[in-house]
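Multiple structures follow.
Next come two complexes built around chain A: one with chain B, the other with chain C.
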Partner chain A sequence: MKNMHATQAVRGLLYKEWIKLRYLGLVPFALLLVGLGDSFYDMHGMKSANGGLSLWNAVIFRSHMPFEPMRYLPLFSGVWLAAVQFVPECFNRRLRLFFHLPVNEHKALFLILGLGAGLLSALVGILCLAQACITSLFMPAEAARLSILTLAPWCLAGFIAYAATALILIETSPVRRLWHGGAGTVFVLALVDARGYGSHIDGLPWFGLIAALWFATISNVLDRAKRGSS
Partner chain B sequence: MATLVECDQLRHSYAGKQVLDGLSFQVRKGGIYGLLGKNGAGKTTTINILMGFLEPSGGRCRVLGDPSHRLRPETRRKIGLLHEGFTQHDFMTIAELEKFYRHFYPHWRPEVFTQLVQKLQVPASRRLSRLSFGQRSQVCLGLVMAQLPELMILDDYSMGLDAGYRRLLLDYLHAYAQEHGTTILLTSHVVQDLERLMDHMFIIQNGRLLYSAERGRFFESFRQWRFQRSPQSDRLEKTDVLTSVEHIGKHSIVCSFHDEAQVRQALLQKDAALEDWQEIPLGFEDAFLNLTGKY
Partner chain C sequence: MMLLSRLALALLSVLALAKILPGYVEQVFPRDYETVLIAYSADQERLIFKHYRGGNWSYSDDRGNRLTEDEMRAALPFAHIRELERLGRLPDEVAGWPFDPEAAARHGTRMRLTPRQLDKPDFSLYTLMESVPGVKGLETPPDLFRMTDRIEFIDAASNRIDEDKSRRFSRALAAAGFTHPARLVGDNASTLKSYDNGALLVDAQWRVFHLWQVNGEPRVTRTDTILPPSVLAIRVLQPPSREYHGIVIFPDQLLLLDWENHIPHRLPLDGHRPAAESFSAEETPLHWEFSHARNETGVRKFVLADRQLNPLLRHTWHEGDADAGKRAIRANSMGLLFPFRLEFHIDENTQRSLYFSTFGAPWPATLAGIAAALCAYILWCRRRHGCLPHGLDLLFVLLTGWFGAITLAVLGPLMRRCPDLPISG
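Here is the complex of A and B:
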């Protein structure tokens, strides 16, 4: 009986997320398509106009990144998805509706976060895979691998931005909101501001750990929001 | 009879201001209970504590056997809560709200919701954000009723509603409580509609229980008299016998829970001349205001 209730509750929560994300959740994917198209035509154009040597020259000696417009895409997507999911939950005391649902609020929160992070994972997965394919059309496999390693910190920035935005929206104290926003900005800028191919590769596991900590913190903030939501 | 809500010596303060100051009351199974008080009396804080949105700084509060700040999901499933201001997910349509909430309540009765919402004559595909406040109140009430809860809590149900929608809401509630035996606890600062509805009332003031009574007992025991105003009567103040004293035009008006003889004796002891003495029938709102004060 308990399992049946839990299954139904999960369906209910997924249904609500579907309503929130069904249209607005597509925006980052639409931007991804545009970005990938731009990357393809950049490399294709350079090779067609000036030959393969010119493309190699730009990439190796001038650190030209055909996928440069994608630098801020995971970051924007993280903020966007968190806002789409949590703004309708958190404003005008609506968090109380969430707290009154007959489900464990922490499990429900991680279901919502899991869904958002899953969508973001799908987006960065497509981004890395498609960019590697595009690069390998014009350059050897090593260059494709390097493009993925270059994209990785930007993708990680997207997850930190997602968690930080969720945290800011759930948080009830303005001072703490500022703190979360400031700390999130520092980490995200450190990751997306990297110049050149393969930056931050050595530090990626640490940044990954930081991203996980951001997610873990949300549970505590939810507790505080519940105890003090007035 | 089982006790569904038990508050004992509840205390809470915001930024040093004591909002609840030893509030105690019990809600037993069956009937409609009103938690009444003027603005700032502590009603919403009490509901926030009952629903676990606030942890009281002192005292004890249990709802359906659980400490109010640690309500289990199984317990929350038995409580239908109408949030103050009819807070609900605005981004959903009427149909989507019904579909969403039915997943969480095993005794969900879609026909209860549909019957109520059909009267609005708006399509189920209409978003909640596009409904008027009155229409929104019906949708929110329908969502709570369809849960078939054991305990229904309505936080300031009257806020923002005109007389028509307030009456409609109360008529539905009354019929629903009779049909399903649901225990209802409601708060409101608009009391004139509640006279016929409530079985029991708690009147709170300054965070304390001022008065608690079954329906009818209030009017049997709380009465009002008027007499000719005089310099002596102008000096009258509230006492244990005189619950309220007021002077309007040429008359002084007193209210009391004591019988007429005791009131007259208390007034005569203060040298008040009781010329033109007569009892004035009290309406519920007048009685409420005389008890809690107009200011």
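Here is the complex of A and C:
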């Protein structure tokens, strides 16, 4: 009987996430489409106007990035998705309801986080693959490879932004909200604030670990919110 | 599980503080340290120092005499040949050598190597321009090449491999005994040079090959130079004097490959580390001048060598006592406040990563800072929660100093010692 209630609760949670994300979750994908189109027409335009050599010179010798407008897309998407998912949960102290579900609150939290992170993964996966395909249309495979390595830290910044936004929204203390926001900003800026191709290749494993740590922090904030609210 | 989560948040907070706080606190200390460039006046047989501090230049020699800008220029005619020419003050002779502006320009190579050039990611696509371009002059080639199990030229217009050219050049390399895969490639894509010197390739056996494109056809030289596997990079040079083909960079030395037969000649440097120090070379018709320095150390090493790279004079410049004192005060104060710092970007590298460093303070200063942080945290717990902190919290502060103390004060302790004490979130 208890299992049945838990299953129904999980279904209910999934349905609630679907309701929240079905339209607003598409906004980052719409922006991605615009960004990819811009990247394609940047390269296509340069090649048709001045020839392939001009495009290669710009990219290889002058570090021109046709996908530059997408620098902040994963970051915005992370903040947006976390806000869409957690603002309705946390606004007006509604988080208290979360602790009365017939399912463990940490499982429920990671279900929501998993959905958001999965959606973000789909977005950055499409971004990297599509950009690699677009680059390969005009340039050798080496350029496509380095483009993906250049996009990777921006994508990691998106995951950190997602986890930090969720943390800020779940947090109940205004001082700690500011604290989490400041700490998140430090790492996000470290990932998006660099010029040139492949500037984070050596540091990617470390920044990946930091992104994973940000997700690990959320459950104890939820736990404290529960203790504070009970 | 919850402890790991709390530790993760505390650790991230410490990392963020270690990035932010030292940077802000350091602004308190003056940063107008003196830097110096060193050159040799062959005519006057003395070293000339160009001092730079706070946006101003001043000049002196190794005997302690102050020099005016005009005196400095006159002492270094090779380095200021254009200015002296404009002023009509070119010397008739320098150290017994009849001054010839053309020869001075021909032997006026200037070379700069920085650690950032070594770790800069590249596309692994290289240029091979036409070395005998005729009246058109040097032009960017319409293709780039990559090294796989053969040499492949990719045409920029079609983004396709030029099979015919790739076959011809692969055959030429194979005929010269080149073993794939290539270990290193050195090219020079600039067209702003007086001639093209092709590309230097290091094959799987670490042998150096030199490849040119002459009238569209490959020309390969198999050299007798086999490099040790510790080599970091190889660069092709186009000096007007045509004395050296390239430079080879190792973790602890630099070699020049001579023009006749690519034999390596070691530069007579004293403990140079290319991955950490910037290096400059100035050629004159009489000498070679080398200098290398590491950022923020207040030390620059200078070597004067003859045309055959035999050292003639060595000099190590140390910053003055006032600057060294300022540096020590900064190091001690920072070491007292913070046990370490985190930077995502350092001057020596292009790569953004996690760079931890200490401030070079004596260990008693660092320990005193950590002890102060521990005491402050214990007092905070006593005052705020009425009990002593848990051992794990103390260990955390012991390892992270003030960063950990501030973090735990804001977020709460990692472990509960008193039953009514809230734990961190």
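We adopt the following convention: the second predicted complex is superposed on the first by the 223 of 230 C-alpha atoms of A that agree within 3 Å, B and C clash if a C-alpha of one lies under 4 Å from a C-alpha of the other, contacts with A are read in each partner's own complex, and residues count from 1 in each chain.
Heads up, the rule we're going with is that a residue touches a chain if its C-beta (ideal position, glycine included) is under 8 Å from a C-beta of that chain, and two chains touch if they have at least 3 such contacts.
Keep in mind the model is a prediction, meaning the values are calculated, not measured.
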| item | value |
| --- | --- |
| First (chain B), second (chain C), both or neither touched by A:213 | second |
| A:176 touches, of chain B and chain C: first, second, both or neither? | second |
| Chain B versus chain C as contact partner of A:137, first or second or both or neither | second |
| Touched partner set for A:20, first chain B, second chain C, both or neither | first |
| Chain B versus chain C as contact partner of A:104, first or second or both or neither | first |
| Contacts of A:121 with chain B and chain C, given as first, second, both or neither | neither |
| Per-residue contact with chain A, leading partner among chain C and chain B | C |
| Partner chain in contact with A:227 - chain B first, chain C second, else both or neither | both |
| Footprint overlap on chain A, where chain B in one structure and chain C in the other make contact | 227 |
| Chain A-facing residues of chain C, complex | 1-2, 4-6, 8-9, 11-13, 15-16, 19-20, 119-121, 123-125, 140, 142, 144, 146, 154-159, 189, 344-345, 350-354, 410-411, 422-425 |
| Interfacial residue positions of chain A with respect to chain B in the complex | 5, 8-9, 11-13, 15-16, 19-20, 88, 92-94, 96-97, 99-104, 226-230 |
| Residue ranges of chain B in contact with chain A within the complex | 14, 45, 48, 51-55, 69, 73-74, 76-77, 79, 81, 83-85, 87-92, 96, 99-106 |
| Chain A to chain C touching residues, read off their complex | 51-53, 55-57, 60-61, 137-140, 142-143, 146, 149, 153, 171, 173, 175-176, 179, 182-183, 186-187, 190-191, 194, 196-203, 206-207, 210, 213-214, 216-221, 223-225, 227 |
